[in-house]
Amino acid sequence: MAIDFLYPEYEVVRDKDKCIGCRVCERQCSNEVHSYDEDLDCMVSENANCVCCHRCVALCPTRALKIVKTNHTFKENANWKGEHISEIYRQAGTGGVLLSSMGNPKDYPIYWDKMLINASQVTNPSIDPLREPMETRVFLGSKPEKVEFNSKGEIKNNLTPQLKLDIPIMFSAMSYGSISYNAHESLARAAEELGTYYNTGEGGLHKDFYKYGSHTIVQVASGRFGVHKDYLNAGAAIEIKMGQGAKPGIGGHLPGIKVGDDISKTRMIPEGSDAISPAPHHDIYSIEDLRQLVYSLKEASDYKKPVIVKIAAVHNVAAIASGIARGGADIIAIDGYRGGTGAAPTRIRDNVGIPIELALASVDQRLREEGIRNKVSIVVGGSIRSSADIVKAIALGADAVYIGTSALLALGCHLCRSCQQGKCNWGIATQREDLVRRLNPDIGYKRLVNLLTAWNHEIKEIMGGMGINSIESLRGNRLMLRGIGLTEKELLILGIKHAGE
Amino acid sequence: MSKYVIIGNSAGAIGCVEGIRSIDNDGEITLIASEPHHTYSRPLISYLLYGKTDEQRMKYRSDSFYKDNKVRKMLGKTVVSIDNNAKKVVLSDGKEVSYEKLMVATGSVPFVPPMDGLDKVKKRFSFMTLDDAHKLEKAITPQSKVLIVGAGLIGLKCAEGINDKVESITVVDLADRILPSILDNEGSVVVRKHIESKGIKFYLGNSVKTFDKGKATLVSGAEIDFDILVLAVGVRPCVSLIKDIGGKVNRGIITDEKCRTSLENIYAAGDCTESYDVSSNKNKVMALLPNAYMQGETAGINMAGGNAVYDNAIPMNAIGFFGLHIITAGTYEGDSYVSTGNGNYKKLFYKSNRLKGYIMIGDVKRAGIYTSLIKKRTPLSSIDFDLIKEKPQLMAFSKKVRKEFLAK
Amino acid sequence: MKRIYVDEKWCLGCHLCEYNCAFANSGKDNMAKALKNVKINPRIQIEEKDGISFAVSCRHCEEPLCVKGCITGALSVVDGVIQIDREKCVGCYTCVLSCPYGAIMPSDDGVVQKCELCLKNSHGKPACVEGCPNRAIIYEEKE
Amino acid sequence: MLKEGDIRIPSGCAISGMISTSGKKINGSKIVRSIATMHDRSNGLGGGFAGYGIYPQYKDLYAFHVFYDSNKSREECERFLDRHFDIINLSKIPVKPNQTITAEPLIWRYFVNPLPTKLTDSQLDEKEFVTRSVININSNIDGAYVFSCGKNMGVFKAVGFPEDVGDYFRLDEYEGYAWTAHGRYPTNTPGWWGGAHPFAMLDYSIVHNGEISSYDANRRDIEMYGYKCTLQTDTEVITYIIDYLLRKQKLSLEDAANVIAAPFWSTIESMPKKERDKLNYLRNAFPGLLITGPFSIILGFEGGLMALNDRLKLRSMVIGEKDDMVYMASEECAIRVIEPELDKLWSPKGGEPVIATLQPKAIANL
């Protein structure tokens, strides 16, 4: 209907002088934007199909393409913005829930960008990481309350299982299904080379990837897809997913069309059936139920693996975290509202949850006030965009961070936020064989290794500047942070002083 | 230090030098040839006349070849006999050269059948050697009317070479089609029409009954005016050196897969030999330059103590006339598949799950893929034959084989 | 010796290799200038069918049938690389007849052309490899 | 300006310490002479001393040294002490007024024992009872600050150059088997007596030179275990960490040093298995107590001294030995000035603790 017509959001601009008609753009666009018109003897574009993923732009050998945001507009209105109007038309036309993917793109405050890091001057020396050892190794897990000694007076090892990270960065949960086999292989191989971990997400562990088990965190989510004893024992740690920053309070949905042979086997569900993770775990309706699951998993894995409980950052996160810490979890993972997803209802993604910075600060402080901060490690995720974000997160109190979106970006993701369509032109969020092939893990894993290696160098540089040569001494070291442009309340929650104080 | 003697100076001989030198860098090589020239490519003599190459560029190997390979060359010397007991060869001037290993790459000479009145023709040429080409070139004028007897490769290449330089060319052949040794009827017609379009006349299924001064009368009664005659009826392998000392000779010198003759320490290669055609499972004279080289190289390696076999020879030809390309290979037997269109002609012959031979005229792209199927005797059931019939392509092979081809 | 290897598992059939090859061998310094309105005849060519694709170019065989069969001596092996002397080549296509991969082909001007690893053009290293977005074509030493 | 406790104050410093391992009495003037040599390392904003074995007649009682802003604070504190302790002796600490030492607080000394009923009621061990009481006074009684509370030891400190502070407290009238001293060079304090060093908790006293970069990480960690870092100084947090590791976790001095100035992972990995396992354990179990950034400290405790540098040795520290005497100081001159002829002089490596303790015979004679 005419009323439903929406002018395309993006326009393909083709420099006719540069276009040589090689048709690479046409072959590479799964959205069928480009085509060759024989009558006109030139390439033409169907802008309405364009999701602005830049695959064509990146592969055009003569750099003849660019994508621009249309300047077509509704009548200007500071209240009724174009997106509100368009979304109403779409919903009025379809009656459906709007779906989106990747993280919350709205213009909420980004507290990482409102904190500044300290450096040494005169009174104590900065340390040059090129000349002096600079340690970024982290052990995640519960720390003993009391040192115990044997009859000879020697220290007994009473440590519960720990996860050893050579860098304080892990790849966050992204299921095989939401992302491709090759994306998983890239993450697994990178984790192995970097001495860190990737996370299966709720999609089970493909048989080919058991060999990376010592660098794998296996997730148990509300759908319990692909969970069995060997799976639980295949990884280095087990993560119970209670929530996800992009969609707190709701479950997941992998459409049957993506459940091909391999995914069906890995998830242990029939081929072609929808994989629906319920909103809650139906065996966890309260904190004591969670405790039982934590210990069930520990039993199943012979107390050899740390158990992580992952929650979305919501209003009451500090109290929830406290309950989890007392519930036997070794590690708490908190996912902020900017965290990514393969598909989520737009309204939830954009309006539910709280910023990870505030959640982290209040959880860390709360656990310290209760004297139980060392009973658990804290891992945070939900839009860690750079090494500086990591340094700030650790100074606020995190032991390590999870990265998802950044990792996908390293693999080629251009944040077009169309994962839910399953036609990812970069071979990441798709199961279509011809598209999956576009992500060669030989390239992908190396790019991940490069990214994290670079970030680790930067972390070391920043730490050295502060005169800190081991990451433990940065953790919770909030004096190393100052706020900029923050209110008293925000400073109070973050537990930091304002710049200049 | 080994002593090698090579008789000949064309592809077989050069292959032999390179074969020996791939194993033995020091042995003494003596190369003896009747022709006084630096090694050159015989098939290029028509291109020389055509103007597509010149004497410098048609050298088969660089000017420094003999020096680089430490070859003692005796050019313009003819070997008249071999004494294999004394291990020496005797030259026409009585000199002797001793050897430990001997390569006979004596090639072939034009075969001229008896024809009535031939002796009356003064300007009579054959077209095999550089000297032949030079003589012919000197003789022709823009007014020349040339009669070529023989519509095979040599005769037609000659025709192409001089077509722009003479008034007319007429070609007569006993066979009812041109290039009878490499083309079937339909293919022959395609090529003939193309050549005719360049002004060359053919009398096929015909032969010269008598030659008179400036005129030839054909069996059919037709009379052809000419002033220059080129005889290109056929060639005969030069086998006498071997035959004279009791070596096994059929049409050509018999060689085995190591390119040995039946005589100890004597090897042979090139147009003077017969070898085994894997496409027809028969011994044949396969007078082809690539074959000559491979035989020579194989022999050379074996002469120097190496171990090489050449066991996948087949007849094959790549040739073109006035821009129309023809590639053929193998034996034309069994079932066939034909495709035509756009002026192209292709015919594949297959039998007992093997590709036996093919003819491609016009579009000859990637013909080598077919050649390889024949040479390797690839079972057609192991590839997608329907696909490869359309055009030569690696897609028709299994994934595993493609990997062997491209990723190893 | 470094060779080009093709892994069809990663080939996307984007044909960029063909265009990069054609550009590298065009002698021009700008791809648009070199290839605008040109029907390319690259030395590397994609075969594709039913979702499978791969590039084919000269394998630089250790026992090169093309070189051995060349009637003019125009083809030769220089440091492991099979090169063509365009001056000597007369376009007889014996090499086309010989090459088991179909990787040597007529050029637009009568003589044959083949991949020479871009060693003779201004690119200096294989343009197809550099331009391949998915490492389906690699240039490396194996074994 | 904000004083210690309101803001974190970095400072550079001089430290010195000496011990007679045979338990011979050392006159307080000796340590004053030593620290005075390093005059340029202080700026007059703080100096102090700790003496061990100085109260033999009250050796079984906790000696509280307290600063008061006013008599009102004193009365309030004394009421608190009365309620919780048996006060055996109380007096002003004798001082010799001196032009350079100004803004003097009231300085009192009490020899006390916990009231047995109170101690039983608290269900704490005696030391913990004393610690909590001191923290309670310092946090809750305005104007009262207990700066020394160990047995048979005492801290003397003030705003001023250390040699003037020693003179002021008449240290030539004290004798002990071990002494430490501190000269302070803070960069932004108005100079508060309580902020001077040594910092002490029970019989642990710390003099420290440096500015640790791990401060807030350490502070927030140690505060989980009942400590309250009211002064926001390095010395305070280091003292609490040492108290926690030694007294509460029962680690040896060496292992406490292994936590505070832990070897690098790469060093640990190259060690024999047993040692490696232990060090892996300690770093793993106490990540929040690793101290980074420059420091050199001398820890005084009942029966000994321990010198320790940060693991990169970003601050100077030398050790000298002569007969039964062990000297520890920021600079060699501070040792040579009292003992020109040394048997041995060396510079310990970063993170390598140097521990000097009384010989068993001397302990018996305490």
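We just call them A, B, C and D in the order they show up, numbering each chain from 1.
In this text, a residue touches a chain if its C-beta (ideal position, glycine included) is under 8 Å from a C-beta of that chain, and two chains touch if they have at least 3 such contacts.
Since the model is a prediction, treat every value here as computed from it, not as a measurement.
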| item | value |
| --- | --- |
| Neighbouring chains shared between chain A and chain B, ordered by label | C |
| Chain pair with the higher count of C-beta pairs in contact (B-C, A-C) | B-C |
| Rounded Å distance between chain A and chain C, as computed from the means of their C-alpha atoms | 43 |
| Chain centre separation (chain C, chain D; CA means) in Å | 79 |
| Between chain C and chain B, distance of the C-alpha-averaged centres to the nearest whole Å | 29 |
| Averaged-CA centre spacing for the pair chain D and chain A, given as whole angstrom | 47 |
| Residues on chain A engaged by chain C in the complex (per definition of touch) | 17-20, 22-24, 27-28, 58-59, 61-62, 64, 433-434, 437-438, 440, 442-443 |
| In the complex with chain A, residue positions of chain C that touch it | 9-16, 19-20, 23, 31-32, 35-38, 51, 131, 133-136 |
| Residues of chain C defined as touching chain B within the complex | 5-8, 47-49, 52, 54, 56, 59, 65-66, 68-69, 71-73, 87-88, 90-102, 104-106, 142 |
| Chain D contact footprint on chain A (complex, rising order) | 120, 123-125, 127, 132-133, 135, 137, 139, 143-144, 146-147, 149, 154-155, 157, 159, 162, 368, 371, 373-374, 397, 466-470, 472-480 |
| Complex interface listing, chain D residues touching chain A | 8, 10-12, 187, 210-218, 220-221, 223-225, 249-251, 255, 262, 264-266, 277-278, 281-288, 290-294, 311-312, 314 |
